[in-house]
Every structure is written in C-alpha cells, then in structure tokens.
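A, B, C, D and E label the chains in the order they appear, each numbered from 1.
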Amino acid sequence: MSQSAAVTNDLPEVIEEASFLRDTMRGFRKNRMAMVGLVFVCLLVFLAIFAPIISPHDPYRVALDEQLLPASTTYWLGTDNFGRDVLTRILYGARISLVVGTVPSLISLLIGTFMGILSGYMGGKTDFVIMRLADTMIAFPSLLLAMVVMYTLGANLFNIFIALALVGWAGVARVVRSQTLALKEKEFIEAARANGTSRVRIMFSHIFPNVTPTLIVLFSLSIPEAIMWESSLSFLGVGVQPPEASWGLLVAKGKEYLFQAPLVAIMPGVAILMTVLAFNFIGDGLRDALDPSMKD
Amino acid sequence: MLMFTVRRILVSIPVLIGITAILFVMLNVVPGDPIALLMKEHASPDVIERVRAQMHLDDPLITRYFRFLFAALQGDLGTSIKLNRSVTTLIMNAFPNTLYLAGCAALVSWVIGIPAGILSAVRRDSFVDHFFMGFSLLGVSMPIFWSALLMQYIFAVQLKWLPVAGFYGFEYVILPAIVLGWSSAGVIARLTRSSLLEVMRHDYIRTARAKGAREISVISRHALKNALIPVVTIMAIQVASLLSGAVITEAIFGIPGVGRISINAIQARDMPLLQGSVLFATVLVILGNLVADILYSVLDPRIRSQMRKDAR
Amino acid sequence: MANPSGNVLSVRELRTEFRGGRGNVRVLDDISFDVGRGRIVGLVGESGSGKSMTALSLMGLVPKPQGQVSAKSINLDGIELASISPDGLRQIRGRDMAMVFQEPMTSLNPVRKVWEQVGEPLRIHQGLGRRAIRDRVLEMFELVGIPEPKARLDAYPHQLSGGLRQRAMIAMGLICEPKLLIADEPTTALDVTTQAQILRLMQELRDRVGTSIIMITHDLGIIAEMCDEVNVMYAGQIVEQANVFDLFENPSHPYTRGLLASIPKSTESRIARRMPSIPGMVPNLARLPSGCRFRPRCTDAMAICQTREPAVTDLEKDHRARCWLHARQDAISQGEPL
Amino acid sequence: MNEIVISARNLTKHYRVGGGTLAGQGKVVRAVDGVTLDIRERETFALVGESGCGKTTLGRIMLRLQEPSGGQISYRGQDITALDDAGMRALRKKLQIVFQDPYASLNPRMRIEDILAEPLRTHGYGSAEVIRDRCAELLDMVGLRHTYLRNYPHQFSGGQRQRIGIARALANKPDFVVCDESVSALDVSIQAQVLNLLSDLQDELKLTYFFITHDLSVVRQFADRVGVMFLGRLVEVGRTEDIFAGPLHPYTMLLISAVPRADPRQRTRERPLMTGEIPSPMNLPPGCRFHTRCPFAKDICRTHDPDLQDMGQGRAVACHFPLNS
Amino acid sequence: MKNKMKLLLASGLASLVLMTPALAEQMLRISYPEDPKTADVQKTSDAYMLPLNVFDRLIEAETTSPGQSALVPGLAEKWDVSADGLVYTFHLRQGVLFHDGAELTADDVVYTFDRMLNPATKALGTDILDFVAGAHERLDGTADSVAGLKALDKYTVQITLSQPYAAFLALMASPQASIFNRAFTEAAGDQFGLSPETTNGTGPFKLESYELNDSQRLVANESYFRGRPKLDSILVRVVSDSETLRLLFETDELDVFDLDYAVSQTPYFYGSDQWKDLIRTGPRVGMYYYHINQANKPFDDVRVRKAFQMAINRQEILDKNFYGKGVLENGVMPRGLTCYEPATPIEFNPAKAKELLAEAGYPDGVEIKLAQVSSWSSKWSDMNQIIQAQAAEAGFKVSIDTMDEAAYFDKRKAGVIDNYTQSWSADFNDPDNFFYTFFSKSGTAVRAFNNNDPVVFEALDKARGMSDAEARCALYREMGEKIVQEDAAWVPMFSLDHSYVVQPRVKNFVVPWNGWSDMNYYKMEIAE
C-alpha cells in the first residue's frame, strides 16, 4: 500500500476545474463567424421580444392612405399594401420564425432522443419497430409530408409545430441511435452494467449525457432548417395565415408588389437569409467545438 | 450483388406499407368533403350523397385502404377528383418534366459543388476556401422561393437574358435549374470538403506521401476516391429529393411537373391525386436510398466483398 | 558519394516545434544520432517521448504549417536533407528513405488494390509501366514471404490478415531498394507470434538487402532482439545512446535503468510480485519542469538537476547519456551545456 | 487449498455474424467453445491468448455481462446462470471488472465522484455523506488525492484513469475481479505501477483475480496460475512456473518462445516460429484446431479434437501429443 | 417516357427559333390562372374558356356594348315559346358540322341535356335544367330519360318545362348549355373533354393540344358555320402567379393581360405611357359582398347586421384596394343586370353602428369571425384584413378564421360560418341568377345566410314564372330593398370594372358583357 500511495506526492494538489462547458465555449469563441452569428441571433431575439416597445408602428394597423410608401425616416423600409411598416412586420415575423425554429426542433429532439436511445440500447424488436417507423418518416419527402400534415390538420402555427416535429424526429432518432450503439460498446457502459446499474439509469445518466453535444449541434442546425420549412410552407399558403406576419408569407404577399415596392418582398427574404445564415454559423461553430466527428 | 439488391428491396417493403398506411389515414380522416369541394356552389346534398356512393367514399376506411393498396400494386393510383384523369397517367406525364429539371439541377450542383469542395479542402483556410464555403452556405441558407424571385427579377426582367417562366425548351430550364442546383451544390460542396479533409487525415495518405507521391497525386489517386464515396451516395439521395422536392421551384417557374401536381392537389384538396403524388415521391426517395446503398457498395471494396460473402 | 564516417544517416541537432493556440511546443529537442550502413538502430521510449515524431521529421512528413522542423544537419548518404527543397525531399522519400508504419490496416488505402499501392514508388520514382511494376511487386511479395503471392496481387487490403498487410508494407518500403528504412512500431498492432515472424523477416532482409533500419518501438524486448545501437528517448530528447549490449548491461541514465527494471522478466522465475517502477508520469511537453526533464521522477536527482538542463556526456566510445550524474565536474561548475 | 470462488462448466458462446433474415443464416462464430475452469479464493488466474481467441468473451461471460450460449457458472456454489435480472444485479457487488481502455472505461461526462458513487448508490451503500466519504477513501486507496473528486476523467493520464477504474471496481468490496487487459494500454513504467497497486490491493482486500492478457511477461510476473486459450478453447492450464518452465502444448511453447526477451545476449537463441496465420473462428478446421499450424501434427490431430486432460498437479492440456512426455 | 424526353429536348431547340416574336400565323397568346382541367362544361363550374370556344350553344349571349348583351341565335336558327311559357321549340341550323365531321342533329341536343341529368355523368351545372319536365326524376335515377326533352325531327328540339321560367332562354345561352355530339361523347366516356382526342365540338376553335398545368393550344375550325375565325390559333398558358404574368406580358410572351388575375398591377398599367391606351375595360356584371349568417350569434340580431353594414368603409376599400375601378353597390343586383336600378345607399357611419351594437346589448363591442379560404387569391384576405381594421372602430372585434376550401364549403353547408366574403358574376342576364341563388329557401340555407324570410321566398318563386317583365323587375327591386335594408342579410360591396391590357397588335378585343375573364375569341384579330 505504501508505495502505490506514494504516487500522490508528485501530483498537484488540485487539478484546474475545467468543465466541458468552458472548453466548448473557448472553442466556440475562437470561431469568428459563429460569434457573428450569435450576436446577430441575440440581437434578433431582443428585437423580437421587445418589438412592441422598439417599433413605433402597429404591425396590424391598416392605413390605406399610406400604401406602399418608399423607405423614409418614418418607415425605414417603407410600407406594404395596407400601409403597414415593413420593418415592424419583419420584426413581428421574427417572433414566428424564432418560435417555429425552436419549438418543433425541441419537440422532435425530445422524441428523437427518446426513440433513438431506446432503439439503440434495447435493440431487438424495439429497435426494429422504431427504426422501421423512422425509415418510413424519412422516406417521406419532408416538404410534402409537412404539406400533407397541414392539409390534414389545417393551416396554422400550432400545426406547423406538429408537421415539423413529425418531419424532424426520425432524423434525430437515427443519429442518436447510431451514437447509442457506439456508446453501448464503450467500456464505461459495460462498467455500469457490471455494477448492476439498471437499464433505465444507464440510458438516462450514461448514454444521454454523452449524446448531448450531438443533440446541441443537431438542435442548432435544425433551427435554420425549421425556419426555412416554415417560410416555405407559409409562402405556399399552407403555413401561417394573414394577418400574422411570417417571413415566408411576407415574401409571398410582397411579391405582388415587386415592381412598385421591391423592398416589401425582398427584405423579409433578406431577414430569412440572414437569420438562417446566422444559425448555420452558430451550428457549424458548435459542431466544430463540440463534436468534430459530426462534420456533415 | 443481386442478392444484396433483392434483400435491400425486400427491406423497403414494410417501409412502403407503413407509408401508404400513414398517408392513407392522414388524408382520409381530413375534415371537409372532397365532393363538396368538387361541386362548390352547386352542391346539393342529394347530389353529394349520390357521388359519394359512386366513388365508394362511404365504405369503411380499412376497406378503402386495402382497395387502394391492391390497386396501387397494379399501378393504379385512382382517379383525380378534380381532374377526372387517372392519377398514374397524370404523374407519368408530369414526371419527365420533373426529371428534366431535376437532372439539370443535379448537374448544376455537381459541376459547382464537387470542384468547389475539392478546391476548398485543398486550399483550406485560404481565400478560395472562404469564398466557396461562403457561396455554399449562401446556397443552403437562401429560401428557394426568394432566390427564384430574385433570379427572375434580375435575369429575366432586368437583363432579359432568359425567359421568366414556362417550360418550352432548354432556356426555360436554366434559371430553375440554377436556383434548385445552387442549394444542393452547397450541400455537395460542404460534404466534399469535409469528406476530403477527413480522408486527408488518414494514415494511408501519410503512406502515400512517404512514398514520395506529389501532393496532386496524393489527392487525385489516394484521397479523392475515398472522399467521394459518401458524396456519391449523397448525390443519389439528392437526385431523389430533387425529383420529389422541386415543389416550390416548379410552382414559381410554372413547370408542369410532379411537384406542381402535389401543390395543385393540396390546394384543390384532391385527395387521390395528393395521395398518388406523395406516394410516388416517396417511392423515388426510397429508390434513391437504394441506389445510394448500391453505389456505396460498388465503390467501397470492403463492403463489396462483405456482400459477396453474405451472398454465398 | 558515401558518407566518410560510413554512416547512411547522420542527424545533428534536429528540432521540431508545433505551433498551437497556447504558444509553441517543442516536441523534439536536440536530436543527434547516426545510422551505420547495414545497421539496425533503435529508438525506444514511452508514448509521447518523440520517437515517431523523429521519424516523421526525417521524412518531412510533419504536418504543416503547424509543425516546423529545423536541424543543423541531416545527412542521408551524402545528401543534406536539412536544407533541401520540399520537392527534393519528396523525391528522396520512397526512393532513398522509406517508412513502415504501425497500423498496416489504416496505412493502406482501402479502395485500391494492394499491388498498385506496393508498386507505386516504382511509378513515382522510376516511371515504370504497369506490367513491369506488377512483375516487380510479385518479386517483392515472394521476398517478404507472402504465400500465394500471385493471388494476393489483386487483393484489397481488407482481404489480407494483419501479418500479411505488414509484409506488404515492408515490400512497399523496400521496393526501390532504399538506403534507409524507418520502421515505426511495425509490430505493435500484431500478435506476439506474428510479431516474431515480422521481426525475423526484417532481420533477414537487412542481411540480404543490406538496408539500414531505424527501428522505433516502446518494447525493450524488440530492441534487445533486433538492434545494434539504441537511442533512449524521453520527453523529446535522446537521454541515452549506446550499443545495445552496453545499454542493457550498463544502463547509465536513471530513466533507462528504471525502464529496464520495470519490465516484467519472463525469463526468470517469479521472486516477488512487486516490481520496481518509475514513479510519476511523463511530463506535458507544453509544461516541462525546470532543469532536467526527468528530474521529478528521478530517484537520484541532485540540486543542479532542478536548475539546469543536463548536458550530453560521453561515457565511453559510442555511449552517451544526458544526465548530470555522469557529467564532468568542470562542466557542472561552469554550467556549460554541451 | 482455498475454496473455489468461480467455477465454469463447459461454457460456450456462439453467435451469428452476417446474413439477415433472408440470405441464409450467416456464419457461426464459436467465440468460446466448451471451457471448464475453477478459480480459487485469493489466487490470480491469468488467461492468455492472441487476439480473437475468445478470452475477452470468456471474461464477460463469467460475469454474465454477456449471456453464455451454453454451460454453467457458479459463484461460491451458487449457479449464477440461473439467476434472474434482479438477483444478478444484487450479486454484482461481489463480481467486478477492470477494463482495458482507460479512455473508454470512464464516462467522460461524469465527475470522478459520480463515477465512484454510482455503484455505491446502486447497491444502497448508505447516506450521501457515507458515500462521499467512501469515494474519498477509494481514491486514497488507489493513490490519488481525494481533492480530485470534482474533476472529469479527461483531466487524468492513462495510468491515473486506470486507478480510478480500479477504485470503481472495488467500491463495493468485491470478491472476484476480472482484469481485462487492464495494463496493456499503459506505458511500461506506468504498467509496473498499476500492477503493483493491483497486487497490494489483492493482499489487502483478499481479492481473487481473473487476469486476461496477451502479454506473457506480465503473466509470468503476476499470475499464480495460467490458462492458455486458443480459438475458443483452453489448451493448457497450470501453475505459472510450471507452464513457463515446461509448456506441454505446442501452442504454449510457440507463444512463449515468440516473446522477445529484453536481453541482447539471448538474441542468438534457437527459436521455433509458428508459420502462417491462425484460422478464423468462423471457419474452424476439423480435428485439433491448432493442427494447421502445429509443427508436430500427426494424422489423428487432423481428425480428432483433443479434450483437456488432467496431467496431475493442477496441470491440464488439450493435445494428443503433449511436449515433454 | 423516353420519347417524351426526346421531344422535350427537341422542343427546346425548336423553341429557340420559335421564341422570336415574328409570328407568321395569327396566334393569340393568352393566359389562364390555373389548369382548366376539362373542356367538358358539365364537369366544371368555373373554367369556361374552352367550352366557350370549342362548343356552341343553341342561343348565344352577345355583347352589344360594355355591360350590355343580347340573346342571338346560335346553333338554333330560331325558337318558339308556347303561350303558357312551358314549351320551347328550337329549330336547328342545318349543316353545322362537329370538328370530327359529324353533322349536328336534334338528337345531339337531346343527348347533351340528358347526359347532364344522367346521374352517371356526375354533372355539376344541372340547375340550368331544373325546370325541364322530368329533370328531377332523371337525376334521382327514377327515370331513364327526361320527359321534357324531345327531338321532333332531325333539326327540331322541343323542351318542355314543368313550370314557366322567365330566364330559361338566357340560361340556354350560358356555357353550361354547350352542345355535344352523341356518338363521339358516348365513345369518349368519362374521358370526354380531357384531351384533344376526346374533345369534339362545333365551335370556332378545335382543341389541338393539352398539356396539363402548362398550356392548351386551339386552332381555327376551318369549317365553322359562321365562317373561319380570323385567328389561326390560340395558345393558352397556365400562369398562376400574377408577377410572372406581368413579366410574361411585358416580355411580349403574352398578348392579353387580364388585370383580374393581378389587381395589384392596376396602377402600373394605368400609369404607364406605354400601356394606358391599350387598356380595354368594361363593367363587370357581378358584385363583391359579405354574407351574414343570421342563424348564429351575434348576427341573429338585425341591429348587429345593420351595424356591420355601417361599419365598413366600402368606398375606401374600392379606392385603395381596387384602385377605384368600379362602383359601390347597394342592392342585390349589380349594374348591367336586367332590371338594375340604383338602390338606397348604405351609410358608412361607425358611430351609429356603435350605437346599434349597444342597443343590441353589446356596448363593449362584440366578437365576430370572418371565414377565409387559405388557397384563394389574396384579395379576399386583403379585404378581410381591411375590414378587420375598419370595423374595429364601431366595436366589432374581428377575427379571421382561415380554413381550406373543403372545410369552408363543408362548414358553409352546415351553416356554422358566421360571415364570409365572395363575389358573384352573372352566368346569364337575369336577376334570378342572383336572387334565387342567394335568397331562395334552399339557397339561403346552403350559402349560410339563413335569411328565412317567407315573404322573400314566396316572391322569388313567383318572379320565376312571371312573364310581365316590368312587374317582374319591380318585384325584384322591392325584394332587393327588403333584403338589404330591412333584413340586412348581406353587405353589398361593389361591382368592379374588368380591365385587360392588350398588345398593340390585338384587334377587336371586346370585354365580355358580364365581365368574365372567359370569352369567345371568334371575332378577335392579330395584326402587325
């Protein structure tokens, strides 16, 4: 005992408490584009939340005297065909986009993670059934599936959540399952089994924490995707309905006036582009920092 | 190989059955009567009842499902309520247009995506890399309906180089193919780049260098084939998704393809047509995955011989 | 033009640094050694000691731009590699100086046939046609003892066993009849029985072809079996350099001694289960201790070891150690590094 | 003689690879093929063999981390192959394992204290306080500072991680510990440290070790008894000194002679070398599974598979023509 | 499929040549907002372009001047009506040939109307034959033929009505009354009208090609009984998108730009020096309106309905959203319809509306729902959004209830929709087309007005059979006032002008009397 314990002597008293989170943040902060994205998204979230305070205009007010005004100091991006301030509409649209970006992603992440871990860890019939279900969902062309769901349930925001979650969970489940399969072979899982740890506990406290980095990356990358889906659905008229201000809808509506007031159609598109870019930057940055193995 | 393909197809069967079932249930529990829609203002209740009975819409769901499944197996996807034509015929007539568009778009995405990805990986962190990756990310991040609008505005309205919309010849397909191809070029370029970078980290690349191979030969002879295996498989899947997913592009550019049919079907609530077109698109995706799997195994000798062993 | 000393390779003051986020890390420091014609020279050390990095530095395969190699002189049979152009070095690689890696599975390209890969140096350096290359590869396969060599030409790497793959790698290394073969842990991934076969093969080839070999390993057993001269590495430096017999009989550096002591002795009957061991662990190269790098783990450490890096001391002919224990008294007092 | 802790009777583990539901049944791998073995209290039994011989699978089966396809395992006379899940979980306190890979065997997302506390909590060791104290005690026991409890595994070196792995295995004061290549991944100097630790702990805690390794030098130093495994079979069992002094099975002999000796003076010795490759466990040859590579193979070896025969003095060998006899 | 691919590539090259606007032949290029789906008018209720050009009717409604029409002989040279108004005898023109060369006979006419009433046909516009004796029995399947349809000889058809119906001749001029060929149509079965091969009429143009969702091509009928049309061909492109439409028109890929499909382009064309003189405009005999469902709260109270009428600034919507191109309407009949006379104006008075609401028990305002169909043109949602804003002043808290078309028709039929907007254009020039559709006993239920006013019901039934035109018109005007002012059952909004912009080479473009986009192109010309 004495000699082995002697090893202690040349060990430092305390090892710097470097946490996983701090390492990640360090890696992330070094990525310039990711930081730009983060700043943009924070700004957007702020603007979206405080839109009513920030904007002097009412997004739903109809002032037919002020139709399609060009950009001015009062209306920075001009007005639409109802005389509504385009910038204000875009800010309110950000609310929808941000909610649509996060809520369905969270739902599909939740379902997908649960299914993926269950499928990967339990194996056998459970795995077979879950994976065939996932295969089925994945084989549906996403936009069409979303459209079919909207067709079935009707076009509104809540149903977009359902449609996007339905489209999204299977992909998550697949990734989580393959990670679970890899983790399952890891010795620390076997160690837990050797200790008599129950299956449920292994899934929750051993596998789940190890898939979280992947989940964070998946989440960050599914946000821009969901925003795109929503805007596409709304553009096609099967998504958010007027007078709500969704960016896709604003483009669809604005393009009727493309010649008279191009900003009305172009600016919401720019908003989508910038937001999606920002989230993609963040997602790429997170992936590089958290889980380089997940590259595409 | 044959065994593998056959087995792979057999595995798709439960998926297909699942798909038809989900689709059928989703589309058939919808509130709102397709007949009422068909007849609009002119609908009187007794006429509706008559037509419903004629179309067997008052049978139980399960009966209708099996009738649909059985007919679908024989290539009969039913009759469009709104267009009064065979759904199969409608889809098969529209498909070549979609195929043409998707083929051109895929070509665009490969011609741009693969070289851009290779150059970016080789000149990692250089200006070229940043440029191409920015370009790719832009392609991935731009909503198609918006970039299509922009392209139409710039190239058709302002510059008058290309026609705005329609489908009467090659020049009509250029803009939609670019719009559609750009977004998938982004995916291809990013994948090519990361795959090549990943391969370049492998030991056998070091081996090739240790043999004294020139860098260009290291990339072309040793890295590229390995790096393109995942790219090629993604390409196969992407063609399938282009075929099934050109909905928005077809709508904006007025291309009478399968995507357009789905949109019309949704707007018109033409249930058999929607059912048929979605099923068709789904089969395309499954086929795409199948082709991807087969390509993968053809390209990778490790899997190839594994399959040969399994088949024996 | 032969090196007058009769050495195929002569390395002087090789240094390799890695640029990283937190400053530069010198992974190799003051590496100097010679490889005699037809000799097998061992580089031995634990993981992280820099033995593989030495090989990569010689081959010019240190990943750029993070890795920077500099040397006073690297003389490969009359060619000065320290100042050669990257393309010049490329032409040397595979022709005059070849390398065999640790993992024969990952070191071969999975999607190309074995003969193409083994014969590639011929295409690169001698511009041979496919037919000629194939014939030559077949000869090499016979030489390295691959059974049914003809049938194996068109195999893919995954169709060969680990031992055969490593034989193919050796064939690839020797196909241009290089002056020097660097074998980086060539048997670590193999089972003992296969290892014994490969080691014997390498000895035979040295005897028959006359290639000089640098043998990199962490296994002192392999050193004892194979090498003529040994360089013991620790934390990026060579700490002891000797003829293999001298080293095992008369290890001078405390690290070498500790290493030898901690090998389980399979030849002697078991006396006690407790084994002598070196306490502590290998230092992080980014945070080296002051003075001697081995000092925190050294049982013989002195005051000077804390403050000054030890100089290399010649103990006898061809036996040197980097340790204050053996330094001349005046060198210690003057504090002059050698 | 000490009491038998673990007794294995005719253990087998067969599994199928390749082949789905459609293209035939695939191939059967006979990873473990009829192993019978007794391990006694406080001894170190080393199981040696080359990669793919089934030694790791055997270790896992003995703890029922994998289910055997056939045979029986008893722990102190109790048949554990018959236990249900709950019964087995309770017994896991007593049967433990230390893994090979110090990097894969600790959950990277858990702090050291959670890693050590988990087995304690699972088996209701005591209050949170008691468990915390025990964790600190365990770290002390394996020679690490208990101030490290709040750290994560990646902050430790391979040797330190292996100590943590040992501490985890010992948390519930087990009886029988499988060490699966527990020092193979470590550098020589660290390897010695860990072996010493294991040795000290064995004395102190009266442990029985089932020591799986491919490294004969370690076996010689560390084990009381040795079992040599070849393609799913035990081919020779005996006391360490006896086996090294005079191997009875040709495979054992070849194995021992293949190990390079850290003594340059011995390099000129005559060494028989095994030729060719080991057959795949999917495609076992008929007769003795070693005959294709055996320098002494005779006709009977090609047709009849030899059983493990007791040679007396705790020695057993599975060979028609044992050496030295 | 392979052949089609080749064709496509070939046409790609060909069109490079074709693209140049130097058109040797007289081709009219027009657009259609969605695929017409069929030329069989018995199967469609909204796409009349093909029927109007490929087929003829016994009688045609010809535009005489903007908004004015006259019934002129079509396939029937002349007709007699019995004194009791029950028996109509049509004398067919002789020697009229179908596109396949068959001659038109009385049997074809009988067949055409019988086919419509045959339940197997699943025809839509059967209401034009509602008053034909035996029509209902045939529809119900209780009879194998229609008692009131008879071919007296090869060129004479006799139609007997079950009760006098003043608008019957006008109905016979509606597109639904297009005449088919028996042999051909029976052979085509349910494929009739779906492709050139299965389409056969007597009209001035033949259907030459039909690419679903893409285009139809019509060519001149050389042997048209009125003489060959001036146009050689008509290319109809399916263009759903209003901006694309304008782009196509401005890049000279279309000859006619129908502003109805792109209202938002109105100011541009009216303001453009290039185009303003090329605008052809005419009144639309049709109107926009809001339905009010009296079955549901709060609209069960006439004061709330009245308040809603007063809360809407119709002039502002007309001016701003439709660029003032139209007139406000206050009755049930739009301008241009027979019997039309200006009705009592509805006042815009939010203050008064608020008072009325308070009287009705809603002093703090009231919540109402406007139904809206998601797939419809955005002009509807625009109107709803404007009204949402306008009516707020009077205390209406408007929410817009978006639904898809099927749900909409379903709910409307079930009477659970409170309020919705639509427009109605005259199918035939008679007040019955408006009054009976909306306010008869069945109409008011189906369309979810639930204006169960027995006085109105009785009057509308009576008017159908009245032969005294003057008295009939007076009765309709009286009912109009009652419905709008007294019952406040609907909110008439406005009738719009229908404007087209045409390329300079388009000659003889006449805006149809009723303001439809669908018209007959027989008389049109293309001249450089």
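Just so it is clear, a residue touches a chain if its C-beta (ideal position, glycine included) is under 8 Å from a C-beta of that chain, and two chains touch if they have at least 3 such contacts.
Labels paired with UniProt names: A = ABC transporter permease; B = Glutathione ABC transporter permease GsiC; C = ABC transporter ATP-binding protein; D = Peptide ABC transporter ATP-binding protein; E = ABC transporter substrate-binding protein.
Just so it is clear, the structure is predicted and the values come from calculations on it, not from any experiment.
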Mutual neighbours - chains that touch chain A and chain C alike: B, D
C-D compared against A-E, more contacting pairs: C-D
Whole-Å separation of chain centres (CA-atom averages), chain C against chain D: 32
Distance between the centres, which are taken as Cα means, of chain E and chain A, whole angstrom: 47
Cα-centroid distance, chain A relative to chain B, in whole angstrom: 23
Distance from chain E to chain B - Cα centre to Cα centre, in angstrom: 39
Residues within chain B bordering two or more other chains: 30, 251, 266-267, 269
Two or more partner chains touched - positions in chain D: 193, 196
Overlap residues in chain A, where contacts from two or more other chains coincide: 3, 6-7, 151, 237-238, 255, 258
Contacting residues of chain B [partner chain C, same complex]: 202-204, 206-214, 217, 221-222, 225-226, 229, 299-302, 305
Parts of chain C lying in touch with chain D, wherever the complex brings them together: 46-47, 147, 161, 163-164, 191-197, 199-200, 218-226, 244-245, 248, 258-260, 262-267, 269-270, 273-279, 281-282
Sites on chain D touched by chain A in the complex: 60, 63, 65, 88-93, 95-97, 99-101, 104-110, 118-119, 122-123, 140-145, 147-148, 150-152, 155-156, 165, 168-169, 171-172, 193, 196-197, 200, 204
Chain B-touching residues of chain A, taken from the complex the two chains share: 132-133, 135-136, 138-145, 147-152, 224, 228, 231-232, 235-238, 248, 251-252, 255, 258, 262, 265-266, 269, 272-273, 276-277, 280-281, 295-296
Chain B residues touching chain E - in the complex, by the definition given at the top: 30-34, 36-47, 50-51, 54, 82-85, 90, 92-97, 99-100, 152, 156-157, 160, 163-173, 251-252, 254, 256, 260-261, 264, 266-269
